[in-house]
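Two complexes are shown next, each including chain A; its partner changes from chain B in the first to chain C in the second.
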Partner chain A sequence: MTSDKQTGKAGVPITIRQLVKTYGNYRALDALDLDIAGGEFLTLLGPSGSGKSTLLMAIAGFIRPDSGLLQFGATDVTRLEPHRRNIGVVFQNYALFPHMTVAQNVAYPLKLRNADKSRIDERVQWALALVKLEGFGDRSIHQLSGGQRQRVALARAVVFEPSVLLMDEPLSALDKKLREHMQIEIRRLHEKLGVTTIYVTHDQREALTMSDRIAVINHGRFAQIGAPKALYEKPASRFVAEFIGDATLLPLDAGQKQPTFRGRAVKTKETPQDNASYIVLRPEKIRLVGKEEDAGWNCFAGTLDDIVYQGESVLLSVRLEGGETLFLRQPTDQQSLAALPQRNQPVEVGLHANDTLIVPEEAA
Partner chain B sequence: MMDMDSDPTVSHLRRLWLYLYCLAVAIFLLAPILVVIPMSFSPSEFLEFPPSSLSLRWYQSLFNSPEWTGAAIISLKAAVLTVLVATPLGIAAAYGLQYSEMGIAKLVRSALIIPLIVPVIIVAIGVFYLFARLNLVNTLTGLVLAHSVLALPFVIVVVSAGLQRFDINQELVARSLGASRVKAFMTVTLPQIRPSVMSAALFAFITSFDEVVVALFVSRGPSSTLTRKMFTSLRDQVSPAIAAISTILILTTFLLALAALASARGDKQQKS
Partner chain C sequence: MAPHAAEAMEGDARRERLRLLALSSPAFLLVLIVLLIPVGWLFFLSFVDKDGFTLSHYARLWQNDAYFEIFRVTFLSSFLVTVLTVVLGYPLAYLLSQLPRRAAIIGLTVVLLPFWTSLLVRTYAWLVLLQRKGLVNSTLMSLGIIDEPLNLVYNMSGVVIGMVHIMLPFMVLPLYATMRSIDPGLMRAAISLGAPRHKAFFTIFAPLSLPGVIAGSLLVFIYCLGFYITPQVLGGGRINLVSMKILENATIYSDWGAASALGVVLLVVTLLLFKAIQIIVPVDRLMGRS
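Now for the complex of A and B:
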């Protein structure tokens, strides 16, 4: 252990191969493969019950996989006990030790490693400073706010320089403001420490904000793994397109060689895959267009159903002739507001060919 | 803002009958116990209430009787050993049952609670025949084993209640931070269920110390427990010596309960 961690050291890479965990007949982890680079911030994102916590607990060693391989660096840790894995874990409910002070909580992993007293004091000070809790060492856990408890849990999880940091929805108990603040703090802390971090959330916005890469998981399988932008701009399947960001998906006409929607060709920048079957329409990528049909646009005719003022934007809902509802965002500057059509008026919605995404039902 | 109902003088008066009722219940519960105390200080050969004068005669004779002091020592030994056997076992069982994912756990729990439900006399008879084969009758080991069986359900029930309030994630965190399972339990779980463990130990102690039925079967002659000796000597004569012993027992139990309460309160204060 060296105290000069400002520069950060590379965390260990993690390799997961064909990892399986079943509960009865249910495959909570269905033959997962994943490579995480040393020092990477990877987020597991998925709906409730998709297997995020199960995977995290398997990496931590609390759940024994039925089969498969788990490696930290070159070391096979598949069957290694949790306390020998050198991992920091942060839970949603913090799981601080209420019978210890803040400093005792943070010192706990160091005591287990038989560090001497002066070393422990020094590291505890360092960790508390890292999470901006200098001077809180003597407090009891009961005297801390939710955000402060979260910080103590973080300090305790990194004070012993773990090779891997695991976090299971660590911010979900905090209010929105504090959560957004802590997202940045955790990101900053990660950059400083360079520890390989796996972060679990079901909040797609949080995942997009914080991660180097996101692994979208559904029913125990990865739906897609990629950088935030790649996932958002190039979802591999209907599930990913719908789960990340807001989107309305319109089904393409079946049995056509070229993609068409209700008989009209859909213009795209790249030639879509053979099995592509939905157009993805995101509220911020579509806009109201005039009758003049520009060559670069895909247009959809409908009626303006509703206008909802949301402060930073207005959300319009447009009902298409086929009955589907699209949502689009408009800015709230005076000029745009004045130009808004009336409710129940016919409108034309345009999606530029460059922004036109077509996804298959299932990833290839 | 103040409501008439919450005015203390009115409500106290209105609740007078309740206070009287509680007093009556308390007297009903405590009188038989308390009446023994003055009787123990009587100088006469027979139990009398109120005593004609006060003397420590019977206490003196008790402490000078090797039979009684021997029995007291056996009772104390048995009780302490029962605590040492039943408490760790009960904690382990409660812990295992709480976190077991096996369906059989419920069944095992019921099985372990059975001694609480079955009439003690049945346990005593069973234990007697078993111990007769194992040569454990009239041994301290046998007595402690039998008492531990009776004490175990109390420990399991009390410790389970304590564990219910404990967040097992804390133990997971401790293990991730480098503690082995045992270490995590000792440093994180145990300190937090300490009040339950204390009351469980107290229950175990009293279960053994108070027990007479099993003792009648398996502890005889020189290995008689105090309660057994009291029981048998009552058949021959009713002397104030019994009252003196009872007074000592009452005092011991009372002090133990007080100690347990104080320790539980200490824990609470430490937390807040």
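Now for the complex of A and C:
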């Protein structure tokens, strides 16, 4: 998805080196290093208080870092005032100016740059067309729906061709359907403009859907940076495995050379790292199997605890002999539904060796 | 839904409206008794004398140039006080609105503190400060800034200084309330779009605070039009305002007709001004209809 940017100029690469921000004893940004390629769509993903918004605001210039370096291209912007950075920011609550019309909002950054009237009109039309709001220019902000406000904020943030586009949880106020639609829209817009984009969210699914790369952040540090698939399929630590997607983690037996769980060897495709300590079981990667079905499977015996019908899938919870609970998803076609065992029956859960992930407590 | 159930619900709604009306009736009654009836009575009095219906009270106002002068001074002083309270109150309200909430509440309490002292006491305090040998003049003279004491009292300046002080909280409170409701994220957005701080202030914050300026100005201006005690004391009889003339007519000459006519004219002019401002400045649009 990163290649083939037919239109728009190449975005500006961003370099972050040893960026530190402390509040009292609390290190909000703990010596962060990050390289973002020109035109990349990078998502900062983390729980609340992880430092993702702090990092975004530091890039925008609203938070002054204690030390470290921030570069747009070859330009050091670490100490540059925010209004000189030429960045477009889409804020969580849109921050549209209520005393201006849609067109006046979008024209605002152009007026500040002393563009002449015809140029302003032309660019405003272009930006409104880009977000599919042609003909909305004369509307008041109060006449717009949440999704339309979101689009105006987006148009205003890109109309002046910023070198960087920052988005701070821009979709969190929208309902699920609209949110998913806007994810695709923003993605499309990014491909059209080719502007380097940093997107902040706490929604892992949104991050997986939209990003070229995701930087998972926790306690002011990067837990892992990588493409969505790499993060999901090869999490570097327990935190990443648990934060992205649903997963139950089972602790391996301590002090064993080969990975074992309750004395039984765990079959894997690749030899796990030395400090590996948990098996990752994702609901869609495990299934109910007959007793010791195949040599390629890791099997866990337990009791079927509950069956929850969720429409597109059925979520089963299985209590293992050791007391841990596993979740697994089954499709809802008639055959699968008919084959479901009864509650409180003993079942065998299988995880194929090729899908068996083993992660350490902390990334190496 | 069954028809009888719908009827029952309608009855409930009707009862609820009646109950609300009953709860607000004391306030309605109060307004009726202390405002509408006296104003109506005033209106009536201004059109009668001992021989019945007459326009003589109004004719007298129109023919006597002294009255024109009195209205001019009344509106001028009110206007000056309003402008000065905006000039003094706006930065103060801005500062308070940018402080953390707790500090802002302490600041607002300090602004409201003068209300705890009697108006008369505050007015006489200004008299002491502003007179020829008062604190202000003696300080300025000992600092060598002036050689002669300034005439700060028993004239327009004294009246305006005193009234500005009394009126300031009435300006600061609506200003503060409006400014507090302006999303600080808007300033941030403006800066991110390329506005230097001062430009963001003048293009975003200032227009959004305008409804507060208008509310505060109306409050101060209208209050000033009928202000009596402070201009009476600090004007020392040399500044004649409508309020003083009304009192004079009513108590000294027992001419309720003339006093009423003055009151009616003041009321009508004030209402006209209010309407004019409403037309010139579309407050509704500024406030937004969200």
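As a convention for this text, the second predicted complex is superposed on the first by the 356 of 364 C-alpha atoms of A that agree within 3 Å, B and C clash if a C-alpha of one lies under 4 Å from a C-alpha of the other, contacts with A are read in each partner's own complex, and residues count from 1 in each chain.
Throughout what follows, contacts are C-beta pairs under 8 Å (C-beta built on N, C-alpha and C of every residue); 3 or more make two chains touch, one makes a residue touch a chain.
Please read all numbers here as calculations on a predicted model, not as lab measurements.
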item: Fit or clash - chain C, chain B, common chain A; value: clash
item: Partner chain(s) touched by A:147 [first = chain B, second = chain C, both, neither]; value: neither
item: Partner chain in contact with A:194 - chain B first, chain C second, else both or neither; value: neither
item: Touching partner for A:49 - first (chain B), second (chain C), both, neither; value: neither
item: First, second, both or neither for A:68, with chain B first and chain C second; value: neither
item: Which superposed partner A:89 touches (first chain B, second chain C, both, neither); value: both
item: Touched partner set for A:296, first chain B, second chain C, both or neither; value: neither
item: Which of chain B and chain C A:113 touches, first, second, both or neither; value: both
item: Common interface positions of chain A, toward chain B and toward chain C; value: 60, 62, 81-83, 85-89, 91, 93, 95-99, 108-109, 112-113, 140, 142, 156-157, 160
item: Chain A-touching residues of chain C, taken from the complex the two chains share; value: 183, 185-186, 188-197, 199-200, 203-204, 207-208, 285-286, 288-290
item: Chain A residues within the chain B interface of the complex; value: 60-62, 81-83, 85-89, 91, 93, 95-99, 108-109, 112-113, 140, 142, 156-157, 160, 166
item: Interface residues, chain B side, partner chain A - complex; value: 167, 169-170, 172-180, 183-184, 187-188, 191-192, 270-272
item: Contact footprint of chain C on chain A as seen in their complex; value: 60, 62, 81-89, 91, 93, 95-99, 108-109, 112-113, 140-142, 156-157, 160
